[in-house]
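Chains here go by letter, A, B, C, D, E and F, matching the order in which they are written, and residues are numbered from 1 within each.
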Amino acid sequence: MDSSLILQNLLSPPVLFFFLGVIAVLVGSDLEIPSPLPKLFSLYLLLAIGFKGGLELQHSGLGGQVLPTIGAAVAMSLVVPLYSFLVLKTRFDGFNAAAIAATYGSISAVTFITAESFLETQKLPFDGFMVAALALMESPAIIVGLLLVTLAAPQKRPDAAGMRWGAVLREACLNSSVFLLVGSLVIGLLVAAYSPAGITKMEPFSDKLFYGALSFFLLDMGIVAAQRIRDLRQAGAFLIAFSVLMPLFNAVVGVLIARGLGLGPGNALLFVVLCASASYIAVPAAMRMTVPEANPSLYISTALGVTFPFNIIVGIPIYMALVNTVLPAAP
Amino acid sequence: MKRVDLILSERELDAVLKAIDAAGAPGYSVIKHVTGKGPHGWVSEAMDFSGLGANAHVIVFCEAEILPKLREGIQPLLDYYGGVAYVADAEPL
Amino acid sequence: MKRVDLILSERELDAVLKAIDAAGAPGYSVIKHVTGKGPHGWVSEAMDFSGLGANAHVIVFCEAEILPKLREGIQPLLDYYGGVAYVADAEPL
Amino acid sequence: MDSSLILQNLLSPPVLFFFLGVIAVLVGSDLEIPSPLPKLFSLYLLLAIGFKGGLELQHSGLGGQVLPTIGAAVAMSLVVPLYSFLVLKTRFDGFNAAAIAATYGSISAVTFITAESFLETQKLPFDGFMVAALALMESPAIIVGLLLVTLAAPQKRPDAAGMRWGAVLREACLNSSVFLLVGSLVIGLLVAAYSPAGITKMEPFSDKLFYGALSFFLLDMGIVAAQRIRDLRQAGAFLIAFSVLMPLFNAVVGVLIARGLGLGPGNALLFVVLCASASYIAVPAAMRMTVPEANPSLYISTALGVTFPFNIIVGIPIYMALVNTVLPAAP
Amino acid sequence: MKRVDLILSERELDAVLKAIDAAGAPGYSVIKHVTGKGPHGWVSEAMDFSGLGANAHVIVFCEAEILPKLREGIQPLLDYYGGVAYVADAEPL
Amino acid sequence: MDSSLILQNLLSPPVLFFFLGVIAVLVGSDLEIPSPLPKLFSLYLLLAIGFKGGLELQHSGLGGQVLPTIGAAVAMSLVVPLYSFLVLKTRFDGFNAAAIAATYGSISAVTFITAESFLETQKLPFDGFMVAALALMESPAIIVGLLLVTLAAPQKRPDAAGMRWGAVLREACLNSSVFLLVGSLVIGLLVAAYSPAGITKMEPFSDKLFYGALSFFLLDMGIVAAQRIRDLRQAGAFLIAFSVLMPLFNAVVGVLIARGLGLGPGNALLFVVLCASASYIAVPAAMRMTVPEANPSLYISTALGVTFPFNIIVGIPIYMALVNTVLPAAP
């Protein structure tokens, strides 16, 4: 495996600022990015990634690999929670197993964005429709998670009828991160098609600033992830192992699907990252509301405290090496 | 008159405010971004960007007659999702 | 000793704090960004960018002797602009 | 009328993000831009528009159409509240009529900025002195509003002497949005005259970022405006009709004045937009403080919930068509 | 049961929360960004960017038995750094 | 002395926005930049200045003037508090004298940044290692301040043992501003050395936006500084005189050292500014925590209400003239 990929990733500004945040917590500095500043950056990143994806999607259209890839992504977000649940159920009750499973079926937009930045420094192209795949993988995972809860733990939940499926579906499909991502994607599509003058005028905001804003946000993510390390004792060795091994397994499944779909290396890496990443934005918020019986420190700490840093730091270059190995060499 | 203090997750705030309205309270005040610790562990603002939110502190000044109806509407929410509710005496200035 | 809780619009905060000072209170604490509902309707933070502001919650711990002077300075403001004021007992820890 | 103008406006990024905000509220998404982030964007927009206006004003100087245009703008901000008041007094008490009248005499900086962006995509030039007109239309409308209150409702206000005219005048002339706008305008003037090196160094911040920041802010404005829709029931059909018809009427008056002043189409559109827009920033804050007897949901909901969306979405292209019709064709 | 209200500088918050935990309180809630005035003068949010911070308001609902231990842990901090602490009665809703 | 330098500085955007903030307070406008927005700008400025300094430091290396200059800077941050203390002890008790002395031994990053902007408009080059000097002058001054307290006021402090030197040292060396500055400097170094692709991608954020963000932040600093003016009555004539004369004296010492080190005019100005500026970020926070007996309005009001405006407005051009006079003319 090409260890220089790992080094190049480690020494890029976004990952270095992530480390700086982690170190701040470990040495006990009082560095913090006070609320709601992180929200500003997360809203910005979702808006910008959606808008840029929409612009590109308009150019590529919906033909070729687009629909099969999106379909495969959605299928993964339905299947991953199922087999994750089976593994987790051996150690956790139905509530916790379902919540953690949903977390791993869904995706991490920040991991995806960091992978895009990695591809850009590698000068590997990728397509806008991958953002559509990103956007469509959150809701199914949430819904599967809730189905698992109702199936696996009905007797423990006397008021299961009270779960108000309407509220749950709204939370799954209209939560702010999915909504903003899909909305910005559609706006990007419309602008690319009907008011191209708007593209260059948006560029300094949505494009040029992007890399720096990502770096700033990752500084905060480093702080938040490191604060979760303490909670990991509660999670235990089994769950920590799960949160590294399950992404690796999903990555292997993902790269085989990417090969089957005939994706190029850039899109293939993004597809693998979608499979291998776990949600710490939309899913935890939905689970906290709909499965209050599950312990949030379990699903947040693993997704944010282990899987996210793992993916950001060594996962992305490992997946890149995997993609380079498994995909047929370009002619 | 009575003063009721409720502290609970921001996610359940809307449901609680509806219950307060339904109980016939003349008004309420809400402070968001409250952090804290309780039986369910530590709640911080660190995950605010994710929509998880922190706690809210709700204050209701109302007549004692309203308390039973308030309890009825709110207690199930607190039991299911967590949070605390306390009552004290208070007089208009 | 007494504890006074005032909830009123941020726009009138300066005038109320002056009245508290004038009444001879030994101190006060202010929490801004309070939302709520009262006889004048719903107050949110949505218009914050416009300078309209939300509510403020003012807490004053003081001797009972001060209350009449406090009432005199504050009540006209609350009557004109809206807001609530309640008193309760409190002892130093 | 040229319906493609409407379409071009509808499909520009700022207006599309405004729609996205409106839709978020209508479908019940939990998308929100938490306080004080909207304040950051509103401060930024005022600072940037003032600064850019000052730079341009320094180049155009105060000769030619400048002073007559500014004078006409101030006159409109004095006259509009008067005839609005007469109309409103048929249905509302003196307090509410005066507060709503002041709102329509004043202006909406965001509508003005959106009109500037529209002109840029239309490649129509406009001048920096229009920002001076913008800045000088807020205070007079507030003062007329308060004069109307004292004239029309003296007997209902026993402590009218207590209205503290000093505080009122300070609020009218030194409120943060007027102050920042005028201050940045003066700074722009000084920088253009004495330290031109500063212009290019400010540009990435005050110029390049502007369009994206406007789009982001309009996302929030869409949310806030849609939240006001519920209040409209309280306003009633008369007031809703007023908040569409009065801007249209003011636009017609405005375009005739613009013709009389000999303005070019770009400046003419901006002049019309100043006349047709209503304030939901400076004036509501001033009215809440000085006329607490008036019901804020009346003047805020109409200005923000009806007039603002109307202007942003269809008003601007309609006024453009009006300008193209009424103004003598360029030689 | 008792309700304890503490208002003190955000800088000393961690130490106070440790003392509350050590006293065996079942939980607490914290509101930051509190401004105010006391014997040490005016505290605003204007210097927030510098790390100086404003005040925090801590609320603890607990049994009366805990009060002595709480007083013991907290009073020295308040005496040295400033801040106030008051107790009142409160009953679960 | 060249009075046009003062004028050029006065009429640059950052200084003009600083004035605008001051005027807002003086005339009673309600303009404010609500918390935590100023924090966003201060974090951004520290991150960007550190990152840029690191990039340049990588190119210049640690040879030549670098280590002697950094050593001289650290020495100044140790010595200035000592002689400041002797002066202050004539009027104040040990606690207040030590806290104010530490404040003047340390530095103001914003003054430094404004001096860099001044140099850029003067087209005078300066080096990245000056940022390292900036970063290393905060901690020593804090530590000297605390040593002075323990030496000068032991009998008044029965619980001196309780001062927890560990906490104090952590506060001195790991407080958020020092940590972020040093961390970003190291990241800049690493990126310049190992992932140069990251440099251009960061540029729109860390470089292009910088000047505008500084101007916006100085608007807030103007407001905050002007709010301190009221406190100056408490400070008294002696302390006000101190807070202008001590910087001037330190500037003279600084320029002689700069001459001895053989620095060019750009680096020399920055060195002088480091000596002449006083901290209102890291040091006040550390003093509030570790010397609660000192009155914060004394050390904050002088550093922020007098020395900072003095340096920003007239100090920098005066120091430039001093540098031009004292340094040997370039061959």
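Heads up, the rule we're going with is that a residue touches a chain if its C-beta (ideal position, glycine included) is under 8 Å from a C-beta of that chain, and two chains touch if they have at least 3 such contacts.
What you see is a predicted model; the values in this text were computed from it and never measured.
*Asks:* Tell me the fewest steps from subunit B to subunit E, where a step is a jump to a chain it touches.
*Replies:* Steps on the shortest route: 1.
*Asks:* At the place where copies subunit A and subunit F touch, is the share of residue numbers found on both sides over half (same) or under half (different)?
*Replies:* Different, since most residue numbers here occur in only one copy.
*Asks:* Report back the single chain whose CA centre is most distant from the CA centre of subunit E.
*Replies:* D
*Asks:* Tell me which of A-D and E-F has more C-beta pairs in contact.
*Replies:* More contacting C-beta pairs are found at A-D.
*Asks:* Work out the mean Cα position per chain and let me know which chain is farthest from subunit C.
*Replies:* Comparing chain centres, A lies farthest from subunit C.
*Asks:* Using mean CA coordinates as chain centres, what's the gap between subunit B and subunit C in Å?
*Replies:* 20
*Asks:* Any idea how many Å lie between the Cα centroids of subunit B and subunit F?
*Replies:* Computed value for the inter-centroid distance: 45 Å.
*Asks:* Distance between subunit C and subunit F based on Cα centroids, please, to the nearest Å.
*Replies:* 39
*Asks:* Residues of subunit C that touch two or more other chains: which are they?
*Replies:* Residues 31, 33, 51, 88-89.
*Asks:* What are the residues of subunit A that contact at least two other chains?
*Replies:* Each of 30, 34-36, 39-40, 175-176, 204, 208-209 in subunit A touches at least two other chains.
*Asks:* Mind listing each pair of touching chains for me?
*Replies:* All touching pairs, sorted by chain label, are A-B, A-D, A-F, B-C, B-E, C-D, C-E, D-F, E-F.
*Asks:* In their shared complex, at which residues does subunit F touch subunit A?
*Replies:* Going by the criterion above, the answer is residues 36, 39-40, 43-44, 47, 51, 170-171, 174-176, 179-180, 183-184, 187, 190-191, 194-195, 197-198, 201-202, 204-206, 208-209.
*Asks:* Write out the stretch or stretches of subunit E touching subunit C in their complex.
*Replies:* 4-7, 31, 33-39, 55, 57, 67, 70-71, 74-75, 84-89
*Asks:* Okay, in this complex, where on subunit A does subunit B touch?
*Replies:* Result: residues 34-36, 38-39, 41-42, 159, 175-177, 220, 223-224, 227, 280-282, 284-285, 288-289, 292, 296-297, 300 of subunit A touch subunit B.
*Asks:* Considering only the defined contacts, which subunit F positions touch subunit D in the complex?
*Replies:* 7-8, 11-13, 16-17, 20, 23-24, 27-37, 40, 117, 120-121, 204, 208-209, 211-213, 215-216, 219
*Asks:* Write out the stretch or stretches of subunit E touching subunit F in their complex.
*Replies:* Listed in rising order, the residues of subunit E that touch subunit F are 9, 11-12, 33, 41, 44-53, 80-82.
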